[in-house]
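In the two complexes that follow, subunit A is the common piece, with subunit B as its partner first and subunit C second.
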Partner chain A sequence: MQTFIQLSATALQIGAVYVLFSLGLTLIFGVMRIVNFVHGHIFSVAALVVAYLLPALATGGLSAPAAYVLASLVAITAALSVGALLYIFGFRYFQRDLVGSFILSIGLVLLLDGVLLHVFGGAVRGVPEIFPGRVSIGGAQVTVQRLFLCAVAVLMAVSLYLTLGHSRLGKALRAVSYDHEAAMMVGVPYARIAFFGFMIASLLAAIAGALLAPVTIVSPVIGTDYLIKGFIAVIIGGLGSVPGAILGSIFVASIETFGSYYLDSSYATLAIFGLVIIVLLFCPKGVLGRG
Partner chain B sequence: MDRRFPLGLWVVLGGTALLLSLLIQDIYLRSILNLMAISALLATSLRFVMLMGELNFALAAFTGLGAYSAGYLSTALGLPFAFAVLVAGVITALASAVFGAITLRAKGPYFLLIGFAFSEAMRVAYSKIDAVGGTSGMVGIYPPRVFEDWMPFIVVSTVLLLLLAFYLVERSNFGRILFAIRENEDVARSVGIRTYICKVIAISGACFAAGLAGGLHAFVNQVISPGDFSYLLAAFALAYVKIGGEDNFLGPIVGAVLLVALSSYAIGFGGDEHFLYGGAIIIAVLLMPKGVLGLLGKLRLNGAALIGKVSADAY
Partner chain C sequence: MMMKGQSKSGAAVLALAGLIAGAAQAEEVIKLGLSVPLSGAAAVWGKGAEFLCNTAAREIREGGGVSVGGEIYNFECLSYDNKYNAAEGTKVAQALLNREGVKFIGGSVGTAPVQALQALAERQDALVFTVAWGASIKGVDHPMTFTQMNTPGEILPLLIAYIAKQYPEAKSVAMLNPNDATGKETEALAGDVWGRNGVEIAASDFYERGTTEFQPIAARLESLKPAIIDLGATPPADAGAIFKELDVLGWKGVKVVEVGTGADGLKATGGDAAEGVYMGAGVTFDGDNATDHQKAVNEQAKAQLGESLNAVQIGFYDSVYALKAAMEKADSVDPKTVADVLPQVSFKSFYGEEVGFYGKELYGRNQQMRLPIIVTKVIGGKLVEVARLTP
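Now for the complex of A and B:
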């Protein structure tokens, strides 16, 4: 029982990050109908900037939490600028062009791989602990840092849910994802809404990167691993569906955690893939997808 | 797409490639020629599936499957070289037919993403199977000693044969069905074409070539490891297709020759492969969507117009 609770807690921690990722992917797909492979690099940029600035700021005399907040703000700004550049000079021209946008994003992935490796170096980088200590929840040990991560992820998911459900922008985003032509006909400014959708998704990835930097080892290729898991979560849940993305993320994280504990981490990866095939066999558009 | 691609051009280009494969003695140049031929085949296979509007990112997985099958058949079971490569192709074709039958029920993004995930899963799987060498890969996949000097010739001629097959299929009725599926699958189905079956056949045909390419790669390199078959392989093939020009049969081949030459040149200066390929794809997609060949065609068209104008002025 103790093990079960501990593993569930771990699954929820990993799932929280996947949720941030897959929400962004599903939002971009819903609004622009593109598959954004370079999403992981927005995450990487944020994580790398935090990992780069934090030690410098901390030795400069700031207290750890203050340095972390400052570094995160810079990191999120940097990642968002990268996202805006990608949109303005690239994806803007490839909306609703699945193959074209995917090819562009693969090119950007390769290019940014090279750029990040050049700028930040290939060495993995550890970040000092920001919030020390751990708490016990129902017998499971959870570090405060991870708890903080989960709290922010839940907060982001809830606020995205509320934004989509109740605000004017959210209504426009939903209208565009159901039928963009009809939405334009009733006066929704599609181009601007698509840009907002892309930037909200980038913000989610940037926050995930800034949050994850202190609890993991940061390297330039870190985004790709999370990207693959995020995509699998979205496929299982159904592209374009917000509850589907959350459900899929928790599901993938659970299999990964329990599989790694009882079998082996590579078998867990294989199990996740097997699962995707089974899901596709029975519901080709994902569990909650509408394509 | 509809451009005539006469027999003469086939003979000239194919003949040149074969002649080069016989004449070049330098080991480094020979390895580059092999790489160009195999890359051209992979890119053509990718383009063939793009004809029906799907992007086959499982290409990396199936190339890997072909390479590992050929390696295992040759080293563990002692099958002769040609037989091992051929059986590897058949295994790959069968596996891809099953894969296609499952994933092609879903369209567009799902097919593409599953292909991507499948490549990564296969990579993990190779590293867990001790019979094929695990993480460190498989070594000692030698072609027979008699063939060793002939390897570039064997590779180039096999690739040429397969390219010819791709070309003939593209010009046949089956090729037209693929175009119809890309333009509008529902319309194609409404006139009685069994599109689902056609798509599965197209995938397994393309992957048969990928499997053979993988098998040749195994024998040329003599060492294969799981890392050789990550999704980057498909990404590079995509770069060849986009740079050369997607609309022309020669596009992927020109792209492969250009980019392989460029990257082996750049690596000499310690350049970064990712950077080069990524930059090439972005430039192609944003600035010359029809690729190098599209650009050349445009120039020639302008030139012809100019000449026409001049001769009209003469009267």
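Now for the complex of A and C:
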């Protein structure tokens, strides 16, 4: 039982990160009907800026939490700027064009790979724990840093859910997601809404990057692993579905955690891909998706 | 008067052209291809390899170059990112051998990408230096391949015996390695050596390179309650992350990273959990044993790379000097002729000693540099040399 609690806690912690990641992917797909492979790089930019800026700020005399908050704000701003540039000079011209956006996306991945490597170097960066210590929850050991991450992930997911359900912007996003032509006919400014959707997704990735920097290996290629897991989560949950993204993320994290424990890390990775094949065979639009 | 002036100018131009031609003739360049990871968790190896190859090439140029057949040659290092995988390693091999026309590989990292490189290089009679750990890339079937760093065959028997002797009460080990050629070959040998030292293998797992979430892996390792955790060929940054998660779970035991090359990456991701880790390929230049040359180059490396030098990178310095020695002895820059002579030469290694090649008993031919095996341990946040063993 103790093992089960520990593994469940681990799955929830990992799933929280995947949730932030997959929510962005599913939002972009829902609104723009494009697959955005550069999403991982926006995440990487935020994590890298935190990793580079935080030690310098801390050395400059700021307390660790204050340095972290300041570094995170700069990181999120930098990541959002990259996101805005990608949209304005790239994705704006390929909305609802799955093939075109796919090719553009791959090209931008290669470009940003080179740029990030050149700017930040290839070596991994370590970010000291901002909130040290650990707590025992039902016997499971969890670090305070991870708990903070989970709390923010839950907060972001709830905020997004409420925004989509109850705000004017959220209703517009849902409207263009269902039928963008009908939405435009009733006065929804699609181009502007698509931009907001893209930027909200970028914000989610940026926050995930800033949150994860102190608990993971920060390097220019860090986004790739999360991008793959995020995509698998939204495919399982259903492209374009917010509850589906959350469900898929928790599911992927659970397979990864329990599979690694009872089998082997490599087999767990295989199991995740096996799961995707099974879901696509029996449920091509994902568990909760509209396709 | 005008004509006279023009003649003078013409003569000057001709003389200058002659000088330039002469200089160009004296500046014969031998390209040294490097297939190394320049991104990801192992990037620090590639960046440092590039730095040390350039350092050795510059030192040789300043020392008068390589004298062969009355000509003076100098080295130029060309590094390409193999991303530590076979697919990228194949692309790098094509680029180096076919596009750049490289005949000498000054160094290469990663068994899987090196296997791809070796397959192409052997067909083109190009000479390959490598730090790859896989025993499969060595032997009589690979007469053009030479190892520029200690590999499991050299390190593991001595390192594991040393640790087993230090902790006689530790009788179980859990092993973890990357799921690739490097990891598989390291795991096979390490498992055998731990067994020979009376330590039981509690489990031996593999993980995919590029993994960023190590909590599930740590949970499994901790559940086995091993006295020793051996992370084999895991890069230091990944190893640090795993030990950090193990620390959260409360595991206390003997930590080993056989391919551990430096404490910086380990501390960057592991923090305090890096304390006590044993490494089989780490080198420290903080002690009294370090020479002025080692200290000076290491300081340059720290300024440029942000980390101290390690054994993987040092191989890229040594191979350049080994090539110089072999080319001068063979009086040739033909790769096959140089490869024939290489096992007979000795050269001054970065470690400060005159070294040659050995390994006939283990691999069937002398293709392994005879380098010291330095056992290091992270103590008080610093990498400390605890033993220097001679193979």
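One rule holds for everything that comes next: the second predicted complex is superposed on the first by the 291 of 291 C-alpha atoms of A that agree within 3 Å, B and C clash if a C-alpha of one lies under 4 Å from a C-alpha of the other, contacts with A are read in each partner's own complex, and residues count from 1 in each chain.
Note that a contact is a pair of C-beta atoms (placed from the backbone, for glycine too) under 8 Å apart; a residue touches a chain by one contact, two chains touch by 3 or more.
Because the structure is a prediction, the values reported are computed rather than measured.
**Q** Who does A:13 touch here: subunit B (first), subunit C (second), both, or neither?
**A** second
**Q** Of the two partner chains, subunit B (first) and subunit C (second), which one does A:100 touch, if any: first, second, both, or neither?
**A** first
**Q** Looking at A:29, would you say it contacts subunit B, subunit C, both, or neither? Reply first, second, both or neither.
**A** In the superposition, A:29 contacts subunit B only.
**Q** Of the two partner chains, subunit B (first) and subunit C (second), which one does A:257 touch, if any: first, second, both, or neither?
**A** second
**Q** A:276 in the overlay: touching subunit B, subunit C, both, or neither? Say first, second, both or neither.
**A** After superposition on chain A, A:276 lies in contact with subunit B alone.
**Q** Let me test your reading of the model: by the given contact rule, A:141 touches which partner, first (subunit B), second (subunit C), both or neither?
**A** second
**Q** With both complexes superposed on chain A, which partner does A:231 reach: first (subunit B), second (subunit C), both or neither?
**A** first
**Q** Between subunit B (first) and subunit C (second), which, if any, makes contact with A:42: first, second, both or neither?
**A** A:42 sits against neither subunit B nor subunit C.
**Q** In the overlay, answer first, second, both or neither for which of subunit B and subunit C A:122 touches.
**A** second
**Q** Can you pull the subunit A residues that subunit B and subunit C both touch?
**A** Residues 113, 117, 264, 266, 269 of subunit A touch both subunit B and subunit C.
**Q** Spell out the part of subunit C that touches subunit A in their complex, as residue ranges.
**A** 37-41, 43-44, 46-47, 81, 179, 205-208, 210-213, 215-217, 219-220, 223, 237-238, 240-241, 248-250, 265, 267-269, 271, 305-307
**Q** Sort out for me which residues of subunit A touch subunit C in the complex.
**A** It is residues 3, 6-7, 10, 13-14, 17, 113, 117, 121-126, 128-129, 134, 141-143, 216-217, 219-222, 224-226, 256-261, 264-266, 268-269 of subunit A that touch subunit C.
**Q** Mind pulling up the subunit B residues that touch subunit A in the complex?
**A** The contact residues of subunit B facing subunit A are 50, 53, 55, 102-103, 105-110, 112-114, 116-118, 120-121, 124-125, 127-128, 232, 235, 238-239, 242, 272, 274-275, 277-282, 284-286.
**Q** With touch defined as at the start, can you tell me which subunit A residues reach subunit B in the complex?
**A** 29, 35, 89-90, 93, 98-100, 102-104, 106-115, 117-118, 228, 231-232, 235, 239, 264, 266-267, 269-270, 272-273, 276-277, 280-281, 284-286, 291
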